[in-house]
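For reference, the structures are reproduced in the following blocks.
Below, chain A partners chain B and then partners chain C, in two separate complexes.
And then the complex of A and B:
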């Protein structure tokens, strides 16, 4: 049994023109202790997917529906809100994109950390403070005792993200969801934070759902990769396979768009066109209008996600053979 | 705390030049307005019968013959010696007259402010939680009406209806003078009855905008990332609201208290005059009508100080509730 099993997740938003579908029939699972990356452009539905697993989507205006979302065999859609409180922060934790705004500005770091710990373990204030101090030390914050008394505005963005990580790890969750944890950070800090997350997961045998649009991060931290486009998974494989033999033209395009040092002087490769608005998702292949590899069938019929062997799945009528990313 | 004390002292020092500027400006403004304060002091008829020499003597006795600037600094000198002088009209020391009235105005304002917050905050939060519901729409519509209706018009309508037509409430003053040997509770009830209209009307006109501000604040805060973080940590909704949302909703309110107090002090000029409440507002309004210069200057100074203290208090409150301000 997988730790997390998402089956046919659909997410929509109530708009002026009715329900706008942003995630369509999304299915995936995460094994215990495995790191899975969910990759895609901005607006493809990554973040709402993460929030819906935590049941943190504000409904309405959002609307979520799934055949099942099983966490340790239990469907989180059926869990009453009261019991979700015990799950959140304890079994499933989340790190957000914006460390600058994700911490309460008027409460000390110590209070925000101990609050989580005491909520889930029911330990004394003193024990919680000691635990909080340990956690800050673990995420590499110097002088943790003093930091506990400080407020978020006294820290840099990288520091705050470390605090967020400490908070997320403080109750030893089984699954950590990191929603673009490094996007808002300085490039020099990004690597450190990512390493911190990947390290913590390995050490604690904690599963990780890493949401990002940065392929470099994927290569470093993930075991398995899911590429998402316009609310659907278009390719799913091990990290090795994705980088060596990307079959879907979109994955291929994304990999080619990474600026490298080998091809100096060449123009940057870009995938032409833009991500379609959920209002205008094609009935056929959603990527076809931007695809250089599209055939006639791609514009007429919607492809299904198919297993092409070895745990490699693609949603494509005309995949790239041999999958040469740097042709 | 040390830095807090420094902050307060600094703010108090800034108030000095500000008060200086306010009083000088109003002193000059007052002296260039048409009309002769002598008429007030000796009476219109008597003034006409006086010979020019008599007038001149009188003017000299009142100190009105000297240049404006000299008079201003004389007045300032008196203030620094702790006296506002005597009223042209009553001949009483002004500090005594103010002493009798300031308590009434302050308690009226504090009661009003307290009630506005007490009703406005929960109402605003209710509206935010039931956004676009019936109550929300009604309150939002009402907030425009409340701002648009002039307090004096509303007061006169209320007096006409409740005091004159229905005779439910007294229309004037703060106590019923015909009450003979009242018991303590009778007196309390009498005061409450007299307060219902002036306080109620001020609360009603301010309530809409208060609820509106609070509603928008709440909607803003509840969508903040840190509220989502609090939920993601697994806190029960009650703790999310009280520990993380409401506290941040209260922040800007602390800074608004000063502004509200200033607005209320301005408003009490109108309300006190209409309801004949013997407070600072009515006192100054009458002084202006009478051209009682020393009283006008004294009450002006008093209200300036009250307004500045109001802002100082809200700044201090802001420092207490928001750590981000504290450090700077």
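And then the complex of A and C:
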């Protein structure tokens, strides 16, 4: 049994022009202790997927429907809202994109950490403070005792993200959802933070759902990769396969678009066009209008996600054979 | 030099003692320091602003005078003494009567002190009632939205359509004028501003990322509302509270002026100004002194509010 099993997740937003379907029939699962990356362009539905697993989507305007979202075999959708807190922060934790705004600016770091710890463990203030201090030390914050008494604005962005990680890890969750944890940080810090997250997951045997649009991060931290386009998973494989033999033209294009040093002087490769608005998703293959490989069938029929062997799934009628990402 | 050395010598000594059980002692130090720490910091930051201290001193003096009135003055507030006001003419300030006398020969200083009792009590209690009703309703409306928000907002709209002065007058006319009733009426009819205020802050704060992060951490809604969102509204709320207390004192003056507030012979600052109307030219001190009291109160409250606001805002330096 997988730790998390999402079956046919649909998410829409109620707009003036009716229901916009942002995520369509999304299914995936995460094994215990595995790091799974969810990759895709902005607006393809990565973050709403993460929020819907936590049941943090505000409905309405959002509208969420799934056959089942099983966490440890229990359907998250069936849990009444008043019991959800037992899951959030305790079994499933989340790290947000913006460390600048995800900490409460008017409360000390110590208070925010101990609050979470005490909520879930019911321990005394003293124990919670000791635990909070340990956590800060674990995420590499010097002088944790001092830091506990400081306010978020007294810390740098990287530090705050470390605090967020400490908070997320404080109750030993089984699954950590990291929603673009390094996007808001500067490049030198990005690497450290990523290392920290990956390391913590390995040590605690914690599963990780890493949401990002940065392929470098994927290569570094993930075991398995899901590539999302326009609300659908288009390719799913181990990290090795994705980088070595990307079969879906979109994945292939994305990898080719990474600027490298091998092709200096050449023009950048770009995937032409833009991500369509959810209102104009094609009935056939959603990527077909932008695809260099599209055949006639691509514009008529919607492909299904199918196994092509070895746990490699693609949603494509005309996949690229042999994988020519870095040729 | 010797003194200097000795001062420094004490610190390592303490450390050596704590080495017996460093963890334990450290923890104790930490906790004792923390409990004190927050309010000490606030107080220190408060003291950085001269106007805060000035306001605190003036307000403390006013409250002290109100409480200690019987000790501070040899007169009684309702003792009529025609010899002190010949021909029913109010007397100007003199050595016997610091603030002069009114037309009945009552010592005006004494009446100002006793008036402070009523006015300050009404100001503080009325605002306390307003906050007790206003803040929770604002939290509910702003955070939970939905039907509760609709109901509360329509109710506030209803209150704003009907001029509150008339409502207050109406209710107060039906009730027997007494201090308790004045407080009640001012409190019950004055909370809408705070509700609207708190609600508007909640509307924008509930969408902030730290609220979502707090939810993701599994905190209960009650904790999020009262510990995470409400403190944000505190800073601006303090200012409006300090103004509100002044406002309540002035409202009471208005009621008294119309004869629906405090009844003779009990003095309140507002009632005293009302009574001094006909003597504006011949005995201006009758309106100046209670007016000065009200001004001092409101001004010192504003000063305190501003200094406190700056002190509790962790981002202000």
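The criterion applied here is as follows: the second predicted complex is superposed on the first by the 327 of 327 C-alpha atoms of A that agree within 3 Å, B and C clash if a C-alpha of one lies under 4 Å from a C-alpha of the other, contacts with A are read in each partner's own complex, and residues count from 1 in each chain.
Here is the rule we go by: a residue touches a chain if its C-beta (ideal position, glycine included) is under 8 Å from a C-beta of that chain, and two chains touch if they have at least 3 such contacts.
Quantities reported herein were computed from a predicted structural model and do not represent experimental measurements.
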Quiz prompt | Combined model on chain A where chain B meets chain C, clash or fit | solution = clash
Quiz item: In the superposed arrangement, does A:62 touch chain B (first), chain C (second), both or neither?
Solution: neither
Self-check item: First (chain B), second (chain C), both or neither touched by A:123
Solution: neither
Quiz item: What is the contact status of A:149 with respect to chain B (first) and chain C (second): first, second, both, or neither?
Solution: second
Quiz item: Of the partners chain B and chain C, which touch A:54 in the superposed model: first, second, both, neither?
Solution: both
Quiz prompt | Contacts of A:305 with chain B and chain C, given as first, second, both or neither | solution = neither
Quiz item: Of the stretches 21-29, 57-65, 147-155 or 219-227, which one in chain B hits chain C?
Solution: 219-227
Quiz prompt | Set intersection of chain A contacts, chain C complex versus chain B complex | solution = 54, 56, 84-90, 93-94, 96, 98, 101-107, 115-116, 119-120, 151, 153, 164, 167
Self-check item: Contact set on chain B toward chain A in their complex
Solution: 224-226, 228-237, 239, 243-244, 247-248, 251, 321-324, 327
Quiz item: Taking the complex as given, what residues does chain C use to touch chain A?
Solution: 27, 30-31, 34, 37, 208-210, 212-220, 223, 227-228, 231-232, 313-315
Quiz item: For chain A, which residues count as touching chain C in their complex?
Solution: 54, 56, 84-90, 93-94, 96, 98, 101-107, 110, 115-116, 119-120, 126, 129-130, 145, 149, 151, 153, 164, 167-168, 171
Quiz item: Which positions of chain A touch chain B when the two form their complex?
Solution: 54, 56, 81-82, 84-90, 93-94, 96, 98, 101-108, 115-116, 119-120, 151, 153-154, 164, 167
